[in-house]
Structures are given as structure tokens and as C-alpha cells.
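What follows is a set of structures to go through.
Both complexes below contain chain A, partnered by chain B and then by chain C.
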Partner chain A sequence: MIDSLLLDATEDTPLIDFNTETGVFKISGRALPEDALEFFKPVEEWLKSYVENPLDSTLVEMRVDYFNSASTRYIFNILMTFEDLIDEGKEAKIVWYYKESDDMIQTKGEELSSILEVPFEMKTL
Partner chain B sequence: MATAPSKDARVTYAIYGAMFGLAFPIIATLFDALLRGSGFGLGALLEVQRTQPLHWIIDTAPLFLGIFSCLAGIKQQEVVIANEGLERKVEQRTEMLQEQNEELRTMQEELADSLTRISQSINYAQRIQEAIISNTDELRESFPDSFVKFRPRDVVSGDFPWYLKKGKYHFLAAVDCTGHGVPGAFMSLIGYFLLNRIVKENDVTNTDEILMKLHEAVVNVLNQSSESDVHDGMDMAICRIDESNNEVMYSGAGNPVYHLSEGNIAEYKADYWSIGGTQYRKRGSYGSQSFSYKSGDVLTMFSDGITDQFSADGESKFGYNRIKDVLLTDGKGEMNEVKSSFESSMDDWMGDHKQIDDMLLMGVRLK
Partner chain C sequence: MAVTILRVLAFEKSQTLLANRLEQLFDYYRELKNDMLSFIFNGDVSDDITDGIIRITEYNVNNFEVLAKMSRRISFIMVECFQNVVRHGVKHERITEEKASGLFAARLMGDANYVSSINLIDATEVSLLQAKLNQLNDIEKDKLKALYLEVLNNDELSSKGGAGLGLIQLARKAGQPISFDFENISEDLSNFYLSLKLTNNEEQTKQGEALRFTKDFDKKIKESDVLMIYKGDFGKDSILPIIQIIEEKMRAENETGSKAFFLILVELLQNVSRHNIQNENKDGIFMINEDSEGAYWTSVGNVVNQETMQLLTERLEDLNAMEPEELKAAYKQTLREGSFSEKGGAGLGLIEIARKSSEKLKYSFDKMGDDMFFFTFNVKF
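Right after this comes the complex of A and B.
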């Protein structure tokens, strides 16, 4: 099993907390880095290695505040990775938290839920 | 400035000490001789010395004072040497600080210089982008009561309005490229020229096909194979207005269109798929929606830089409803008023919060 991945949140990048001991993967906060590739590339690389030797069950908790359009594409790629786990017979689930007042984030969650072939749950914060 | 320790202080102090000490036996002997009244001849003085043992003790004064003075001289010498060391250090530090100061000043000048050149470069780029993309005059020729609210985050913009008249159709799009600033502006030019090519030269007229062709072209232009790290592209809403039968055909990649008619807003939702990138393995094709309109109806399209804008306290977002509110309140009046009403609504909303993305809002009153 590879080591957990922890990137603390900054003013313009989100918290990435992928814990391979508990199987809970958290992404939360805002993502508006000037260079989205620089930030997300290492996360994608890490996930690639994780998928090769994953836990039996992975729970993804999304507490998104704001993602700019470039970051949204990387987030989509990241979430799509969990489809591979399902394909391999592992368990994976995404929980999408949103503020009741935030119809932007709610809409994004609903769209992702209809596209991704991963069990997807919407929860209000 | 002396750099090596010298023996000066030790020897000088010892000599002065001994000389001062010598004064004691001389004065004591002379004084004793005076008291005895034996005169000051050499024999008499020797006699004084020989007969009074106290003088023997006093005679040692030059020796002891010499030794003590020598010790004081050594201490003094140490202080002098230490002082010299300190002075040297202070000098070195001062020199170092001056050098660092100089370096900082140079760095500051270089930074200021870089900033000036980058700003100049971006400002110049902005002129080019504006020259290419400012076709709002053409839009106003066709639809005099219309507005484009365009607010780049960083001088150049990833958002752009697009208008083209082709045959009996008017094409109108609000395009939001990934990124902002310089990378956004690169993408905007790619989008602008590809849209022109697809509609103007390749005669594609259905909005869903335009979006699909645009997607394929962006993937091609940016060499977006599945291995590519470049996921960039654009979200957009595109409308085709057909005045011959009062019909609008709309397709959306992520962004909706609002149709304001007789005080009601009809919202047409977009497909999820963004233009460009290979991130969707099971990407669907784009759909289109057609609706008829009456003269005086208003079409509104926008980028998510508006809906996603945080409030002054950073807690909530502008959202869809505030755009609708402005349209419902002021949509009957002139579009310029809708624009300024929207501007003040946005200014009040964001307060001192920084603008997070480029903003684009278009309103067109149909004839």
C-alpha cells in the first residue's frame, strides 16, 4: 500500500487528504491556482499508483467551495479514476457535500452524479 | 589600526609602576634623614637604610608596583585587542549589510523592471485581443438594444463574446475558456478563430454540430491525446437567431441561456460536456433546443465568473438568481440600464472580495 497523500489547503488550492489507512479520501476548499497542472499533476500521479494496488473500499468526501474551470477538469479526472476501482470489483463511493444556499455547487454535484458510474450521494452541509 | 598585539602596554605600565614605586623609598629615606638631621650625604643615607628595617619593606615598593602595573598592562592590552576585534567585526558586518542592501536594491529594481515589462507586454496583448474580439459593434448594428458586460480579471481575458451574421442567421455566443489571464487569452483566440472557421467557412449552422466540430477542432489543435496533460478548452452557450421565422436554436457546453419574454424567464440548460479535453470517456454528443420568440424578448448568456463570484464576506456566491432578479426587474427597460443595474448589483455583492474569474454577460433584445 502506498503512503497517504496530504496536501494542506492554501488560499488558492484545496486540501487533498487521501488516507490509505482509513480509506477516506477528502478534497475540500477552493481551487483557483494560476497553474492547475502543477498542482493536480502530482495528485493524478499518486492516484495512478493507488489504483494499481487499492484498498477494498474507498470513500471520497468532496467539500467543494469553488473550483475554477481549469481545476474542474482535473477534479473530474480524479473522480473518474474511481470508476476504475469499481471496474476491478472494489468498492468506492463519492459523497458530495454542498451548502443549501450554494446552487452552483449543488448543480455541479448533480451533473457529476449523472455522469460518473460510481455510487454518488449528495449531502447538505 | 593595529592588527597584531604589541608589548607596549605591558612594558610601559611596568616601567611607570616601578618608577612610581621608586618614589616611596627615596622620599622615605630622605625624610628619615631629615628627621635624624644627619645630612643627605651618600654615607648618611646608607646609614639610614641600614639602621631602619622598615625602609627595607618600603624599598620593595618599585618591585611590587612594577609587577601590579605590568598585570594591569596585560589586562589593558587584552581590552585593546578585544576592542580591535570588535571593531573589525563591526566593520565586516557593516560591509556585509551594505552588500546585502545593494543586492536587495538590485533585486527590487529587477522585480520592478520585470513587472513593468510584463504589464506592458500584457497591455499590448490586450490591444491585440481587443482588436480581434471586439465585434460588439456588429452585434449592435444587428441588435441595437443589446449589451456586452465584459470584465477581465487580469487585463487579458479567457472569456469572449462572439457574434457572426451568416446568411439569414445571427450567431451569438458567450464563451468561457479555461484559465484567465495570458493562458485564458491564448485559448480565447483559438476558440474565436475556430468558431469563425466552422461557421463562416465550413457552413455549419446547427448549434449542436458547431459545438461538436469546435470540440474536435480544439482537441486537434491542442493535440489532446489521452496522454496529454493539457485538458484545456471552453464552456459556452451558443444561439442561432433566425429572424425569418422568429426562432432561436440553442446549444450549451456547460452554460445555459435565459429567454426573457413578457416578464417570464425560460431557462434552457446546457449539456455537461465542455469543449476540448479528453477527460470524458463516454462523452455524449451535444443536443440542441429550439424555441420561438416575440419581438422585444431578451436573450441572456453569461460565464461562470459571474455566478461563481464570492460575496464580500466570502461566504456565498452570486448564483443564477441574482442575474434573473436583474432581468425581471429591469428587463423591460433599455439594455444599457440592465447593464448598469447588473454592474451595481455585482459591485454591491463582491465589495472588497477579489474577482475570482473573468466575467462576461450578454443581453440582446430581439427584434
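Right after this comes the complex of A and C.
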């Protein structure tokens, strides 16, 4: 099993905490980097290695506050990875947290859930 | 009475401007074209945004050799000027009539750099401030330090945060007389104009020059309905502080629906650096207006080449032809497949803007030179 991935949050990038011991993968905070590729590339590289030898079950917890369109694409790609895992017979689930007052993040979650074929649960914070 | 007439005039003016909003941005761009950095903030100011102003200034200033030499002085003077508004400004509940009476403006042009503030003060403070400023302007430069130390060690500090330490420091760092003026606007309120010109040489500024500059510019700003203008670099290091300032401002005003507004803003600002004729200093202009009905207009502008102009026109027209449901479908398809049509199509950013905007997208191109067009993009929210 590869080592866990931990990237601390910054002013314009989110916390990435993919823990391969617990099987809980968290993304939280705001993702507004102008150069989204620069930030997400290492995350995608890491995921590529992870899917070669994944855990039987992965739980993805999303607690995002803001994200720009450039990050949306990468976040979507990351979530797609779990669609691939399910196709290979593994278990994966995404939990999308949002504040009750936050229509925008709720809508984003609903939209992503409608285009991803992964068990997707919406939860209020 | 006079205030009411002014407001009626301002209202009529803003109705006309509404139609000319696209031209307005290009007008400002032309006026500020040679500025390395312009930052204008019209309205109530608070300390929350000082940090953002420092960051914008420092980054932009260090981008230009001619400014870098003065970088510390410029940053210092900007912050002091700005905080002077915060410190001496009359608290908000007293300015219900004239909400947008404060102004902070900095225009850095290299050889001549202006930093100004205008704010309402209590009329009772006028005579004391006037006396202090006259004293500072009369005193010889090398005595300012002694005065500074004297005041510093004096325990009798005024309740408004120091016995003029800020002003003494301003006079010291500027090395130029401070331009100032007062204008009574009612029995108990007065406008306080404060203006500094910084040059990169020893040349002394003519008395009143900076002040005239400030008053002319203030008039222009007040006649429109501008809340904020930024002209300068649009790279990541400049955009983040702008985002920070607007976020603080929105938080302070507790705007509802501000999250979507904030996101449009991020997309618009980042769009400027994505489509820019320059690869290095990504110069552009950004403006927020509040119209008489309380709606916000956000405009960004920058120079693009012909190829980009054609591409943007196609994409924006595509989006304007779509209904909300089609936009939603285009968004999902772009996310899943990379684009919504075989020939490509707008990226997620533009689709996002179109979806959140309350009206069709408004844009224009003005020819500036060979293969150079000024692109204005305007979103009402």
C-alpha cells in the first residue's frame, strides 16, 4: 500500500488528506488556484498509483467551501477515479457535506452526483 | 437640500451610465493606461482591507524597477493614508445620506505617484487637524524626527489613536508638503482631503498640485457609481489580495447571495490572465459599480489579439444563445467530456459565469492598434 497523501490547506488551495490506513479520503476548504494543474497534478499522480493497488473500500469526504471552474474539472476527475474503482469491483462512496444555508455548494454536489456513477450522499454540516 | 439635488443628479447620471457601462471601463483604462498600478476605493472603508492593500501594493511595486526603489515609502504612505480614513472617518450610522463619501486612491506612474484619501470628519476636528498639518508643513525636515520622538514619549494620547503620529510619519516619509483641504458639507460634518505626491527625485511638488489631482479624480469617480477600480497586474499574486479585499468587504456588509457573486468575481479575474496578450505582466483593469437600484456590475478589461477576440466572440455568443437548462447541460457535458460541442466551446469558467449572471453576457471589443483589441466583459449580478 502506498503512503498516505497529506497536503495542507493554503489561502487558495484545499486540504488534501488521503489516508490509506483508514481508507478515508478528505478534501476540504477552498480551491481557487489560478493554476489548478500545478496544484492537482501531484494529487492525480498519487491517485494513479493508488488505483493500481487500492483498498477494498474507500470513503471520500468532501467539505469544500469554494471552488473555481479550473478546480472543478480536477475535483471531478478525482471523483471519477472512484467510479473506475467501482467498475473493478471495489467499494467507494462519496459524502458531500454542505451548510444548510449554502445553496451553491449544495447545487454543485447535486450536479456532480447526477453525472457520477458512484454512491453519493449529501449531508448537511 | 444641496445633498438632495446632488443625489438626484447622481441618479440621472447613473441611468445614462447604465447604457454606457461597457464604454466606461475602456474610458478608465485609457485614462489609467500609463499607471503601473491604480487602486481606487470609493465608499466606506474599514481596517479589514488594509492587509489586502499592502499585499497588492508590494507585489505591483516590486514589479517595476522605478517603483521598487521607493517601495517601502510607497507602501508606508498608502497604509497611513488609508488608515487615516479609517481612524478619523465618522462612523457609518452618521452617514446614511451620503454613503459613498470616503475615497482612497493610489495611482503609481513611476515618476509621479499620488496617494490620496477623502473622508468625512466631525466638523469639530477641523481646526485641530488644520493646525497640526500646517505645523507639519512648516517644520524643517530634519526636525520631524525630533517631533516624532517627542509625541511618541508623550502620554497624553488622543482618543483617536495617537497624537498625530501617523501624520508626522507621513510628512517624514513623503519628504514633500502634505496637501490637504476641508470642505464643510453640513453643520457638523466636513470632508477632509489629504493628498501626497511622491517622486523618485528631489524635485519639490508645487503646493496644491496633488490636491487638484485628487479633487478632479474624485469628481469623476463620484459622478459615476464606481465602488472600486483596480488597474495593474492580474497574475495570481495580485488577484489573491483583490479577492481578499472583496471578501472582507462582503463579510462586513453581510451580503446575501455573496458567495455566487464572489465566484463570478474569481472567474472574471482569472479570465483576464487566461486571455491576455501579454505573457509576463498581465495588465488589465477591474471595476465594480453599484447602480441606483442596488445591483452590482462587475467589469474586467484587458488587451487581446484578433485570434482571441474571434474565439471569445464565438464562445460568448454560443452561451448567450442558450437557455438556463441548456447551459446546465453544457456544463455537465463539458465536465464529463471536456467540451459541449465538437468544435470545442466555452470552458467551464465562462459557462459558470453565464449560469450565475442575472442577464445575458455583455461584452465589447475596441480596436487599440495592430492586432490589439480592448476586451470588456461586464456581468450584472
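We take it that the second predicted complex is superposed on the first by the 125 of 125 C-alpha atoms of A that agree within 3 Å, B and C clash if a C-alpha of one lies under 4 Å from a C-alpha of the other, contacts with A are read in each partner's own complex, and residues count from 1 in each chain.
One rule holds for everything that comes next: a contact is a pair of C-beta atoms (placed from the backbone, for glycine too) under 8 Å apart; a residue touches a chain by one contact, two chains touch by 3 or more.
For clarity, every value in this text was computed on a predicted model and none was experimentally measured.
Partners chain B and chain C, once the complexes are superposed on chain A, run into each other and clash. Touch criterion not met for A:N53: it reaches neither chain B nor chain C.
By the touch criterion defined above, A:M104 reaches both chain B and chain C. Of the two partner chains, chain C is the only one that A:E11 touches; chain B does not reach it. By the touch criterion defined above, A:L37 reaches chain B but does not reach chain C. When the two complexes are overlaid on their common chain A, residue A:S69 makes contact with chain B and with chain C alike. After superposition on chain A, the stretch of chain C that runs into chain B among 3-11, 57-65 or 219-227 is 57-65. Residues 32, 34, 66, 68-70, 73, 76, 102, 104, 111, 114-115 of chain A touch chain B in one complex and chain C in the other. Residues 235-236, 239-240, 243-244, 259-260, 262-263, 266-267, 270, 273, 328, 331-332, 335-336, 347-349, 351-352 of chain C are the ones that touch chain A when the two sit in their complex. Those residues of chain A lying in contact with chain B across their complex are 32, 34, 36-37, 41, 66, 68-70, 73-74, 76-77, 80, 99, 101-104, 111, 114-115. Note for the complex: chain A touches chain C at residues 11-12, 32-35, 66, 68-70, 72-73, 76, 102, 104, 111, 114-115. The touching residues of chain B, counted against chain A in their complex, run 176-181, 229-233, 235, 272, 274, 277, 279-282, 304, 307-308, 310, 316-317, 319-321, 356-357.
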